[in-house]
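Next up: the structures, one after another.
In what follows, chain A forms one complex with chain B and a second complex with chain C.
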Partner chain A sequence: MAIADMNRGIPQLPERRFKLPVIIALMYTALLVVAPLLAITWGALSSGIYATLREITSPDALHALKLTLILALAASALNALLGLVTAWVLVRHDFPGRAFLNALVDLPFAISPVIAGLMLILLFGRQGWLKALPDALGIQMVFAWPGMLLATVFVSLPFVVREVMPVLRHLGTEQEEVAYTLGATYWQTFWNVTLPAIRWGFLYGISLTFARALGEFGAVLVVSGGVSGMTETATLFIFRSMDDRNYAAAYSMALVLALASFCALILIELTKGKIRRRG
Partner chain B sequence: MSTSVARLEKRVLSEAGRPWGTWGLRGTAAAYLGVMIALPVAAVVHAGFEEGLRRFWGSVTEPVALAALRLTLMTAGITTLINSVMGTLAAYVLVRHEFPGRRILNALIDLPFAIPTLVTGVMLVVLYGPQGPVGSWFVAHGVEIVFARPGIVLALLMVTYPFVVRSVQPVLLAMELDQEEAAYTLGASRWTAFWKVLFPAIFPAIVTGALLTFGRAIGEFGSIVIVSGNIPGRTQTAPVHVFGLIESDNTMGASAMSVLLLSLSFVLVLVVDWRQKRKELRDGNR
Partner chain C sequence: MSIILNDVSKKFGNHVVVDRLALEIRDGEFFVLLGASGSGKSTILRMIAGLSYPDEGKILIHEADMTYAPVQQRGIGFVFQNYSIFSHMTVAENIEFGLRIRRMPRPSRVRRIEELLEMVGLAGLGNRMPAQLSGGQQQRVALARALAHQPKVLLLDEPFGALDVKIRARLRRTLREVQRKLRVTTILVTHDQEEAFELGDRIGVLDRGRLQGTGEPEEIYRCPRSDFVATFLGGGNLLSGQPVAASGLFGSVLPVPEEHRREEGQGVNLFFRPEHVCLDKERPLDGRPILGKGVIVEQVFAGSLRRVHVRLPRLPGCRQLAPRPNFGQEDWILEGELPSDLPFESGEYWVSLRQWSFLAPPRPRLLTFDNKASEGVAHLSMAQWLGSRIEGNVTVLRNRKEHESDEKVRAEVQSRLAEAGLQGATVLLPQGKSSEVLLREQASNTYNFLLLSRPKQEAKLSHLGITRMLTRMLEGAEVPLLIMPAEFRPIRRILVCTAAGEPGKNDVKLGAWVARRTDASVTLLHVLAPHTNDASARRHISNAASTLESLDIPVETKLVESFNRVEAILMETSRGDFDLLVLGGHGPHSSSFFRPEDITLQVLKRVNRPVLVVPAQEEV
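This part shows the complex of A and B:
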């Protein structure tokens, strides 16, 4: 009783009230995140849900959605596979140049998407150093979907590497050593011991990659050359529709992408919870 | 001693059981990062300096380029300042206050990272554009938001909101309550406890978040190209200017400007990296 008396007047932590800081934080978030979300919903649905549906099922819109989905899936697959190898090498191997490779990984996040697109044009374009590569394969790189795929891979590259690395490091090598001792091969050990242990971190990285790939705009815009219906992704569709003052189409597609990223975010949060529980 | 044993063990392990794998894996990783990242960066640096240092300097000091650079640095600076304060506040509220809707607030803060930045731009045009519900009121009162500078800052604020919050939040979560409680017991107000006890401890995290915010803000394109109206010299930021140069087939100019922006981003990445390493060292010694 006496102790309770002494404690009176000392703020309890955490505090259970709408105090001024709470109100400011809520209002700021409402202004910055909630209001724009409500606005795009209102903007897209203001002329009726059927009008919205008509806009997003037009041939151009459907084509753009399809291309976006394909590019995002392909970029996620490439970055999942190569990102896993890279994370493995950066954590488990020790060789000269490792620190340099490690430093390279973060760069795509620091580089403006427009510059990323420019880089790819310079590398694979008319007088590019690697122009021979697509030529040899008989594909067109710049102003076509292979270039857009590379652009998407570039901007979403760090996610898998950066999410898998800490999980691998945390896992350590003990269980793998036990497996080797028991006579398991390198591949068996990876498949039965390592991969199950890191799968949630790996999936988390992939879902971040996918979400980022769905919404990529700047790099893809520069590389695509913008031929409508041919090399147009969902974001490029929105951009062109805004330019053409076809606001109904732009807002409808923007709402679709916003909803898609909302779903991706829920998926991301769920996998994050799994990582926390399973370590 | 123990680290050298660990290293030896690692080497033994890496030599055994990896007949073909070692160099195949390393080669794959090196080729992936080399072709995807190192070569593109090298290509743009080469293109920027291809026609000599004088041309490089000439194209980045053109009046339009300088205005774009100045606008980018200014809007990124304002954004960093506002979001450092508001992000710290949001992180503090999320960790130290309990209120209905706290978990929803926590989830909402990640949304700007999930939503495509182009869609962010469209959202702001709908809300604050001349025909929008809020924008029409502002226009009637003589304030232009969209297709003007306030729109750029607003877009940047939204796009970079999570950085400071997500950088400060874990530090606050890891902090023990005893020092704050001691401050309260000694009669400190919440404000004094925050300023004297919490703030010095979370300041490094705020700086890291601010650097990330600034880095993201100087490169932002998707939301700004929609919101700014793209008026050269007035509302054209550096990345939008680079896009204009690419469109008009001025590869050298675009590359020169890119090299300048890249160097700035590299310095920011290096500083963030260095601070992270220093922190890990300090935490390890504890």
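This part shows the complex of A and C:
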């Protein structure tokens, strides 16, 4: 009786045993995730660590890495800002077409990145509808980094919106209203109350955006034209190296990308834990 | 005066949430706004805070017009029901927030935080995170935070609603102490009357956006000035009746004071609390008014006392309003109390009163729509006739086009009113579409009836085969609709069709309400499919009949077997030459709109008599 009372309220851990579903889940992840990772590592290091280092420090590879990093950072920054505004509008405002906008946000997930790239070409290409716009600004859109950035922003657009929306909705408006009654202006309230309350969800959305932007291939391939040393990102570099049968270069770059994604993943998991603890 | 609300109104869509509210709150006063959920009490608080703005009226805080001032400038403290603590800040940081915004220097901020933590009983907990605090403690933080910047006014929106009873009591004490110490003008909104009695210097009782009465707790409990305040605060028994003309006695038992005997036949309501009902085994001889001999039908042990329900025969010419009588109930069932330390004895008791008060019943209100297009004034004549029978106030509404001047239309309406003998009516001339202004008006006021004339035949018809205006009203009105034909005649015989739509209790009750005031007779009609023996229908009819009989209304019941309900109702109408048909409708909240095959609609289209359509949810 006394022991039962003591145990009440303590969440019971499941029994520690290998049951069939556990085995299936383990096999599945091992086959689809761990094995390819190992294969990549093996492939990269098979001709020696120096060969790997040499490959990824070649000018083309370094340029590709630099471009990828800049694109991913820029896309994350843009989507963080605009995603936050969109999430805010979708949660806090009611206007005709709200449901439509809400559905539209998911579109980049539903559309194949290749098609997304194609759409950008159709818009900004030689006979594109909006070609006048970049021309007027003196920017080359297609086969240049602005187009690639736009493509990356497009494919990673939903993450911040979708992560921030539920946190914002859960937060409600009362804390903000309290801040107003205490004399805070709208800006002060946003910086001191709203943003801190949604920061973990916001960061999680940004990390997802960053990870997605790092690995983006299809849309960027279509838009960039993949000129090595110019518009070639890390994923395009891998693709070209494979084509050239330069496997060492391909595997080495793949390993670097995989490691970067792995680090982003760890970051994501850490922020997720914060969300769970802090609500 | 600290806060003055001057005829403040607020609508959400078509729904009036706060209706011409006038209120004055004194300096340093603790005022409690008491009302059920949906009575508009939180909306009022939010308007004072500046989190919402009124549509009409003015709000003054310390002599300054603050009606549309931004919330930041009002100098108020606000506490929400759900604490709304900033979860990423410590307790001290939460309290500090308002001071930091005001750029108070750090040393004085620290001193002030310590002071406030001490005051709300959280000394030493400044470094805790909100998640480490209980609900009661969080609400203490919210209170300290709201008081930190020394606001002139403290507003609390159901601050104890989310807490359990014991913590609630402790927190209430803290709040009272803090308020006494700081003498900050405070308004608290609650639905809990115990809270209102304990905390309030004064209480305001709110019902559907209207202030029903204000006063000190004892005063408002002992001498309520309206039926609503009387029954909402503490509950009790409310009987309605007419003093017997010769003796001036209520139910030939209680003398009615002079001020309630204004006119011959004027009704009056008698109110008494359960604790003022005396129950004795022997007939009391000390001259207390005796209501009769009753039997205890229910008893509930409630600690120091025993709550009982006593059934006793009703007194002549009186009926029970509260506790709300059950459908089909003939006797009175009144609430009383017995001390619980005595053993409970069943059997008969003499029921007498120790204390009671008389209340003037609210006058019924009748709204009618006058349209230029309708040639006749039958609906105005009916409004006049019915208005005088029910001792009610009549309001006439006519929608005015933009180019029409108020005076011109008013003169025209007045001449039509004179024709119908309705000179005393209130005339409203809003601008807008007829059905819209009418729907808005019936929703904004507590009308008992909406009287419409049946429009001319050549008017444009809706998909239901009646005019669009009538369609909109049938679908949208929340009050019973009385639809008049071209000719007026007084109501002597009423046919209540319980078979149309849902067999409702409301159509029976409303039929009875009209019959009692017009001295009409009632026939209850129920149409059954042939060869069915519907026991529940029979029971319903007999319950309905006894409800009517208990009100001294001559009643007849009729069960007709027919496959065609519409034909049966029409046949019965012409056979009995009835002056009014009462039918059930859907009411405004029903998801199903009227369909062309609806019985009420079919009857309405074909009969040439006044029809009273009762919305399904309307309580009479």
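Quick note on the criterion: the second predicted complex is superposed on the first by the 264 of 279 C-alpha atoms of A that agree within 3 Å, B and C clash if a C-alpha of one lies under 4 Å from a C-alpha of the other, contacts with A are read in each partner's own complex, and residues count from 1 in each chain.
Going forward, a contact is a pair of C-beta atoms (placed from the backbone, for glycine too) under 8 Å apart; a residue touches a chain by one contact, two chains touch by 3 or more.
What you see is a predicted model, and the numbers here were worked out from it, not measured in a lab.
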item: Fit or clash between chain C and chain B when superposed on chain A; value: fit
item: First, second, both or neither for A:220, with chain B first and chain C second; value: neither
item: First (chain B), second (chain C), both or neither touched by A:182; value: second
item: Touching partner for A:123 - first (chain B), second (chain C), both, neither; value: first
item: Partner chain(s) touched by A:239 [first = chain B, second = chain C, both, neither]; value: first
item: Which of chain B and chain C A:174 touches, first, second, both or neither; value: second
item: First (chain B), second (chain C), both or neither touched by A:151; value: neither
item: Which superposed partner A:32 touches (first chain B, second chain C, both, neither); value: first
item: Touching partner for A:91 - first (chain B), second (chain C), both, neither; value: neither
item: Contacts of A:197 with chain B and chain C, given as first, second, both or neither; value: second
item: Comparison of chain B and chain C by chain A residues contacted; value: B
item: Overlay on chain A, chain C to chain B nearest C-alpha distance, Å; value: 5
item: Residues of chain A that lie at the interface with chain B and also at the interface with chain C; value: 177, 180, 185
item: Partner chain B, residues of chain A touching it in the complex; value: 10-11, 13-19, 21-22, 24-26, 28-29, 32-37, 39-40, 42-43, 82, 85-86, 88-90, 92-95, 97, 101, 103-108, 110-123, 128-130, 150, 153-154, 157, 173, 177, 180, 185-186, 211, 214-218, 221-222, 235, 238-239, 242, 250-251, 254, 257-258, 261-262, 264-265, 268-269
item: Residue ranges of chain C touching chain A (in the complex, touch as defined); value: 49-51, 71-72, 74, 76-78, 80, 82, 84-89, 97-98, 101-102, 131, 142, 145-146, 148-149
item: Chain C-facing residues of chain A, complex; value: 174-175, 177-185, 188, 192-193, 196-197, 199, 278-279
item: Interfacial residue positions of chain B with respect to chain A in the complex; value: 7, 10-11, 13-14, 16-18, 21-22, 25-26, 28-30, 32-33, 35-41, 43-44, 46-47, 86, 89-90, 92-99, 101, 105, 107-112, 114-120, 122-127, 132-134, 157-158, 161, 177, 180-181, 184-185, 190, 215, 218-222, 225-226, 239-240, 242-243, 246, 251, 254-255, 258, 261-262, 265-266, 268-269, 273
